[in-house]
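Common to both upcoming complexes is chain A, partnered first by chain B, then by chain C.
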Partner chain A sequence: MFAEELKAFRRLGVRGILVQLLNFASVIASGLMMWKGLGLVTNTESPIVVVLSGSMEPAFYRGDLLFLTNPPNTPYRTGDITVYKIPGSPIPIVHRILEVRGVNRKSSKSKAAMAKEIVDDEKGAVLRAVENEPEVEQLLLTKGDNNPVDDIDLYNGLDWLERRHVVGKVRGFLPYVGYVTIAMNDFPKLKYLILGVLGLFALIQRE
Partner chain B sequence: MAKLRKTANGDAADPSSSHQPDSNHSRPATRLVNVVIPASERDVVKVNNANLVDLKNACDDILKRFLSRPELFKQIHTHTDVRLALGWASVLVAAGTAFYGWKVEFETSKPVVWAGLIVYFILSIAQTLYAYLVEKDIVFVGKRKTFDKRIVTERITITSNTAPSSSSKPPAYSLSATYVRTASGGKSLLGKGKAQAARGYNEFFDENGTMDQGRFETWVTEVVEQVMQEKTQ
Partner chain C sequence: MAMLAAIALSSFVLIATPKGELSLASIKVFPGSSRRLPNVKQDFAFVNFNLSADLTPLFHWNTKQLFLYLQAEYVDSKGVPNDVVIWDSIVRRKEDAVINVMGRNKYVFRDLSRSFRKAQPANYSLRYNLMPYVGVLTYGEAGRSSEPVSFPDPETVS
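The block that comes next holds the complex of A and B.
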């Protein structure tokens, strides 16, 4: 089978081979650009993620695909499901927001001290109006629905999550689709096999 | 019209069929092409004859290789080169942007990634527009310079498409050629010609999908001669 393909390649010449390689490379390039474009439009570096653990059951199970956005000037609220990344650990975590604090960036007190002074529920309405201003920063506490305790132990020493740790807010999901990614991560040979086969097809096909 | 000798396809073991290509006969107004290719030089072309795209590609390839023979025309690769340049430029921009976005943290990388994305879109749109508006169905553009009291440049452009089948006809390969003869560096126009012809794919491919290249080339020669003879001064 391959002898015919090799002969066909030799007949193509330099330009022909460049054209075939271009077909392959432009498919990859357009995929990359669509991903980057989606990230810019949703304002998050990773607009689609896969759930790896069962800490959000029964809402999300392992293998679900999640769609994220990160609206720039909208404050996060208790009950939002967020994906965040703690500096120092590479894997993002998807959990629900339990508490929110709005603190004044310019204040001389430490964030922890300010956070202790403000209680969310009582001043909820006032706080929400204030949170939109640039001097106010949001501090968040999260917990997985299926976990018995909140996430303090996961924060690597921090008391509160800051807005900049949050990758995005979950807007929608697709069940089971993420298992493909999990399989490819658990069996790296599968990833190379799939890529190799796709690459071979793209190079041999001619439109 | 000079006689053309047909070499049967697959006749590779015949030692006496090593013909020399005849030289071009030049007459004042028209040029006739007269080329015979020995069977030993050919590769067997076998395609899936249920796939129209494969059939057309095979015909296009044989046509390009035939007409770009040194005694016929010199192929002009401008369309391919533009498509390659635009395509590879957009791939490099995409790769650079993705790499930058991977190296640099998200918020700071945003303006550069936006710029890269916009450049990529412009290049992609340019590529599509070029293919749609300028290149269209062209498969071969060739040039030839001959000497006939002055230097005469001939330029031939061939487009091809597949005419779909109907209940009475098989799918056909439709060929159309445009021909221009100019002198003194393209400034004075000596003649123009246009021709169009179509033949069913079943005339060139048998049931196994093997292509009768000699027959195809003979037909192409007829079409090219026809376009070179029309409307010459």
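The block that comes next holds the complex of A and C.
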């Protein structure tokens, strides 16, 4: 049954198999590089996420793919759909911003002092970076389109979301494609099957 | 793939700027307390509004739904901006895209300082989020109150 495959292996030789393994590794490495590079450009730790729950229906269904960005100096606005992670709960949540409350930055005075010091040192570039930071921090309240009430009970005791909790803002949408990962999570055997088949193909295919 | 990309890119060409009308019928402030903080007295604002807008031009072949929301924008006693969504609605069909609503706020409208006394007059705007079948999400404004509306003093309840 496996005679032909074995023959193929033998024809490859040790060197051939090693080359195939190297190809395999480089595919994985370049995938990882692209993911991290995308993360750098969009300023989020995960630029692409899969919707896992129905709390944003009928906008997003389970398995839809979302593309995120999180530009550092752009304030959030109501109606933006954010992906946020609350400390202590591992699963990120995709919900829409209902309230944006400005609060004056607590360290605003020390910042002014800091800016002055930098002027004395004649480091203009650094000063500009400090000045560009928004004066006002934002407190956010979110709600899922399909939920009757806001998310305050999901915040694990926090009263408001802050920028540091937000992974990114949804900018683009691609339906259904992410369902593969949900299926792999729901049926772990499928994951091993797919990985196994892909791995076998990568090893056997010559060129 | 190419077709998906073409559809997604077509959204950049199919741009519409609908105009709607938004006016406030009344705004009242009442003292009360929330379910979360039952022992804390705070003021709640109640807004009645009239809204009419024709959003049919926003429905093109890549429009899955519109998320419509009415927000209050005001500067609070600390001098910082606050945006609060007080009403929202989802429009899924072109036939339902002519909006005529006499409504009141759907969500709790309160201030961080627990009182609107020192808050500056608020502007109200109707905004929309166009959600596509595939591609980018776009936002826009479809109406705005003609002038800022100040918060009244809280009314006493017996």
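Here, the second predicted complex is superposed on the first by the 161 of 207 C-alpha atoms of A that agree within 3 Å, B and C clash if a C-alpha of one lies under 4 Å from a C-alpha of the other, contacts with A are read in each partner's own complex, and residues count from 1 in each chain.
Methods note: a contact is a pair of C-beta atoms (placed from the backbone, for glycine too) under 8 Å apart; a residue touches a chain by one contact, two chains touch by 3 or more.
Keep in mind that this is a model prediction, so the values were computed, not measured.
**Q** Overlaying on chain A: chain B and chain C, fit or clash?
**A** fit
**Q** Under the stated touch criterion, which partner chain does A:Lys7 make contact with: chain B (first), chain C (second), both, or neither?
**A** In the superposition, A:Lys7 contacts chain B only.
**Q** Name the contact category of A:Ser30: first (chain B only), second (chain C only), both, or neither.
**A** In the superposition, A:Ser30 contacts chain B only.
**Q** Is A:Thr78 touching the first partner chain B, the second partner chain C, both, or neither of them?
**A** Second partner only.
**Q** Look at A:Leu18 in the shared chain and tell me whether it touches chain B only, chain C only, both, or neither; answer first, second, both or neither.
**A** Only chain B is touched by A:Leu18; chain C is not.
**Q** Touching A:Glu45, do we find chain B (first), chain C (second), both, or neither?
**A** In the superposed model, A:Glu45 contacts chain B only, not chain C.
**Q** Just the number, please: smallest Cα separation between chain B and chain C in the overlaid arrangement, in Å.
**A** It is 25 Å, taken between the nearest C-alpha atoms.
**Q** Under the contact definition given at the top, report the residues of chain A touching chain B in one complex and chain C in the other.
**A** On chain A, no residue contacts both chain B in one structure and chain C in the other.
**Q** Going by the contact rule set out above, which residues of chain A touch chain B in the complex?
**A** Residues in contact with chain B: 4, 7, 11, 15, 18-19, 22, 25-26, 28-30, 32-33, 36-37, 39-40, 44-45, 206-207.
**Q** Spell out the residues on chain C that touch chain A in their complex, using ranges where they run on.
**A** 4, 8, 36, 64-65, 67, 69, 71, 76, 78-85, 90, 92, 107, 112, 127, 129, 131-137, 139
**Q** Across the complex, what residues on chain A touch chain C?
**A** 58-59, 77-79, 81, 96-104, 136, 139, 143, 145, 150, 152, 170-175
**Q** Considering the complex alone, what residue numbers of chain B touch chain A?
**A** Interface residues on the chain B side: 43, 46, 53-54, 57, 61, 65, 77, 80-81, 83-84, 87-88, 90-91, 94-95, 97-98, 101, 106, 110, 113-114, 116-117, 120, 124.
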